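Mind looking over this structure? Questions follow.
Chain nomenclature is as follows: A, B, C, D, E and F, assigned in order of appearance, with residue numbering initiated at 1 for each chain independently.
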């Protein structure tokens, strides 16, 4: 019995040392490193750090895009910190749209679980890859490329997007161009859009300048 | 107009060069590098390389574990090659089980889309993290750790597992120990299982030695 | 002397083995892996594989953007294959513009060597970071974010952009949206631009649909 | 002389800046990031941070497995923090066994320095790779796969295992399954082991439930 | 209008979460992780964190090497922290020399912007790659290999070296060998240099022992 | 029984797909990618690909450095290809020396298994870290930094160096400077060594120019 304790002891020592490397649940109150948040002390980690019920219910689609994106990235789901994976729920009411956007830090794998969605991306060579997806279909969007999703049916569509990063980022084209104080003249010079169009969209999306 | 062609030309030249880096659809007939398959020539890539309908339908659960795992890894879904992400569909009939297993090369993020599942993993410190998941719940399993999924309800459960690798691998404990010619004496010496147990499981799972 | 030959021999053996890992000059005729082109045989590599004179002279700025981007990515400069770095020359005639764009696979560090440039990027939080740069100034654009450069003076400006990838990619917003066959209705639905604007830009940039 | 000081000065400035990147000796009292511990201030680093005498002597093999594993991972050897390498000493008394286990975060390269060892691993395809190793022989075990070592001679065997990570982790199969409170019913359902076997091993290894 | 606020709100929430991953401006007062400094709080980041004017002017070449290296690595340019890129300015007066050196953590891409430079590196196979570079020429030096730059003309030469790391490091051969307290006997035994040579260079460069 | 075959079948299918990612034994006859050699077809891989007896015996120390380095890098030991680890055997006869050198692509962990060795490295800040190691001691040398090993006793010493790369490279300072056709004038200008010293060492080491 003493032997058992000895071996338990020595092995557990090893294991405890290694354990910290198994996972790194984010301490959201602490600062960040280039690769993610600091780790919560292993002793304070519980099962609930690795589980989330936040994607159980539909997001609010009562908005101009008739769509909602509910992320489970590190900030909402600290258990994925440092693990190179995360997920988000997409709800698209009829005629709902997830506008043209990019994820600066990760590739996306989309899974449709309800309804039908037209999804597509554009490559650096300006080639277009578009498809209508039905329930159970998957489509992958390579890192950093412009892509979009549009409800292709008369009913609400639901999809789940997995990412190859715990914090893939999300840059929505119209918000990047029109929902801030980037001077209209610079927007026009760099997008070839006319002044009226830029001013109109800035007004709609709350931009200034 | 000539100017437009000039700029189009020059830009497209640049873009074509860069495009190869946007994605690397696997040429499954070619050899592999340590980071994945060679890339199909960009000119032969089509939208269908980035889309799969292979997870639309339930896998066959008429087997001893009453479960099926349908992967969309690089070999089934060449579009994810080199993108650091993949997915698999899990179907668990009532009392179905995905036995204790590991993924040597990736972390897993499980999403339950039907029914209820008891899922868990064990850390290097031998700590146990188990939870009963309902539709819409997610759970993450850090890379390389033993984990499992068991149907927790009376109805068929369905889940989708995303991975932080295009080829996460799958090592099922019982198949690794009992479904090959690893000599029984070595299995017994390294697992503390008795000869009868090892011989019985080798018989059930088609192992020899 | 025999000893010297012995040691030379043995050391050179080692070194030759290791050498292949020093660099991997791209064999542009061969296929690619997810991390870059195959390597030219070490025996055929010469100094000229590591040197390029292609950025000595200004690119042609006689086009609608009054600007030219001359890349030295892997395809133009095979010596950087696998080394995680590359460079491009920017020439901006008076009122020249490098339109809003992203690099899907790398961060950019801009160095102004002649004239003056207004450069900026937009973050995922839609925050704007803009600055007027003079000769000798540098600015960094984090990976995957929308950014732009505009000539800020009355004379031609020149800059060199270094990248944290041998193939950073280049996705120019207007070409991605308007220089291909992405249906106008999808462009409009995902960008909030009106039909007239989309049709006009497609006409200018050679798009269809 | 003033010139020398000038150059020394300027160069040392550069070097000091760079030095922090040469190494990152772990501050074991501080928190961790996903890639390892914070770095000790460079000024407090000494030669002893890069040297360990902890593997000079045999570990205690007076236990049920007649073996000892003495790691020099980051927690025992802070100098390897962030360097992607570590080592452990294995002592196997006659009939000693390092039981079936995995390293979730690294590949292992085994070197036998005394006696003889039967070592092997099992691939994701359930293929078995087993060999009897003599003094001076090496064997590599790819990341995350089940493997084991058994003394193959009548005398004590000694080996050193190097890892491709500063914290490779160590998950010993029997401890993961039987040395914790994972309910016996779940162990049985996910391993196909019978209740008597599970209960017996839980008793031996200190597990409950 | 309320809808717009709703969507703005929800999107901004997402974006703010993601934003931290866009960049990680170094908090130089804080500690470091193996991958770089902690990040400044996003709220305190300004455009000036991404811009530097420190390379506008020539460094002081009044020293024994008639050359100056002015780095913009993380410590001088915190905006590159975690982005895998940095830059340095080289000024070489007539007959100026950047002595034989290595960058332990990154590859270098040299761009000559004034004058003429003889640059070269030596591979692990002891092969020599040397070239005389003129204004506008670029040359790449693979990671960790010995290389050098020498003014090849009668006028001051200027070049900018980009690196595939935010902290590439800089180890200057003569300073490593002779500008510290490494015992002369060890220097002689490991370099085959005679005692007089070692003692002389230690005297010139401020070394002892 | 049919059920067993079904499950075996389906699981083996999965496993075979994943297996390619378990390991990538180098096909030394094929070309290389930036991350290593192509993989041998999985079907042709045997246990012997993962085992080497090449380090059993002492290397030939009858040479000017009274030392031998016997590597087990990818080219000698194809099983480590892509696994981020390798090893080499060092034999140092009395007064034997492994001269000042660097490994451009990996950190080194040295283990002394016989005799006594004085080992040391120099940081980018020109700080010296030297120690006399006895049997069983380990020392780590961070990537890319100059380091050396000298026999510290009257008997032959043996050590094993593990590396954090399958092809760490090896650049021996004297061979890089003097065993090739790098013109003496350039060597002198970039090392501050006098002409007589350079010419003498070139003569001894077989260099020209």
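Everything below uses one rule, namely that a residue touches a chain if its C-beta (ideal position, glycine included) is under 8 Å from a C-beta of that chain, and two chains touch if they have at least 3 such contacts.
Quick caveat, the model's predicted, so the values are computed rather than measured.
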{"item": "Contact-graph distance - origin chain B, target chain F", "value": "1"}
{"item": "Target chain F, source chain C, minimum contact steps", "value": "1"}
{"item": "Chains contacting each of chain A and chain B, listed by label", "value": "C, D"}
{"item": "Comparison of A-C and D-F (more C-beta pairs in contact)", "value": "D-F"}
{"item": "Copy pair chain B, chain D: interface residue numbering same or different (half cut)", "value": "same"}
{"item": "Counterpart interface for B-F, drawn from A-B, B-D or C-F and sharing over half of its contact pairs", "value": "C-F"}
{"item": "Angle of rotation relating chain A to chain E [CA atoms, steps of 5 degrees]", "value": "120"}
{"item": "Rounded Å distance between chain A and chain D, as computed from the means of their C-alpha atoms", "value": "35"}
{"item": "Distance between chain centroids, defined by C-alpha means - chain C, chain E (Å)", "value": "21"}
{"item": "Two or more partner chains touched - positions in chain A", "value": "15, 18-19, 21-22, 33, 35, 104-105, 123-124, 126-127, 130, 142-143, 145, 169-171, 175, 179, 204"}
{"item": "All pairs of touching chains, each written as two labels joined by a dash", "value": "A-B, A-C, A-D, A-E, B-C, B-D, B-F, C-E, C-F, D-E, D-F, E-F"}
{"item": "Chain E residues within the chain D interface of the complex", "value": "31-35, 59-60, 62-65, 68-69, 71, 73-76, 104-105, 165, 167-172, 175, 179, 204-206"}
{"item": "Chain D-touching residues of chain B, taken from the complex the two chains share", "value": "97-100, 102-105, 118, 120, 122-124, 126-128, 130, 142-146, 148, 150, 169-171, 173-177, 179-182, 186, 189-194, 197, 201, 204"}
{"item": "Chain C-touching residues of chain E, taken from the complex the two chains share", "value": "12, 15-16, 18-19, 21-23, 42, 46-48, 50-53, 55-57, 72, 77, 79-80, 83-87, 106-109, 111, 113, 121, 123-127, 129-131, 133-143, 145, 160, 162-164"}
{"item": "In the complex with chain A, residue positions of chain E that touch it", "value": "3-4, 6-8, 10-11, 14-15, 17-22, 24, 27, 30, 33, 35-39, 41, 81-82"}
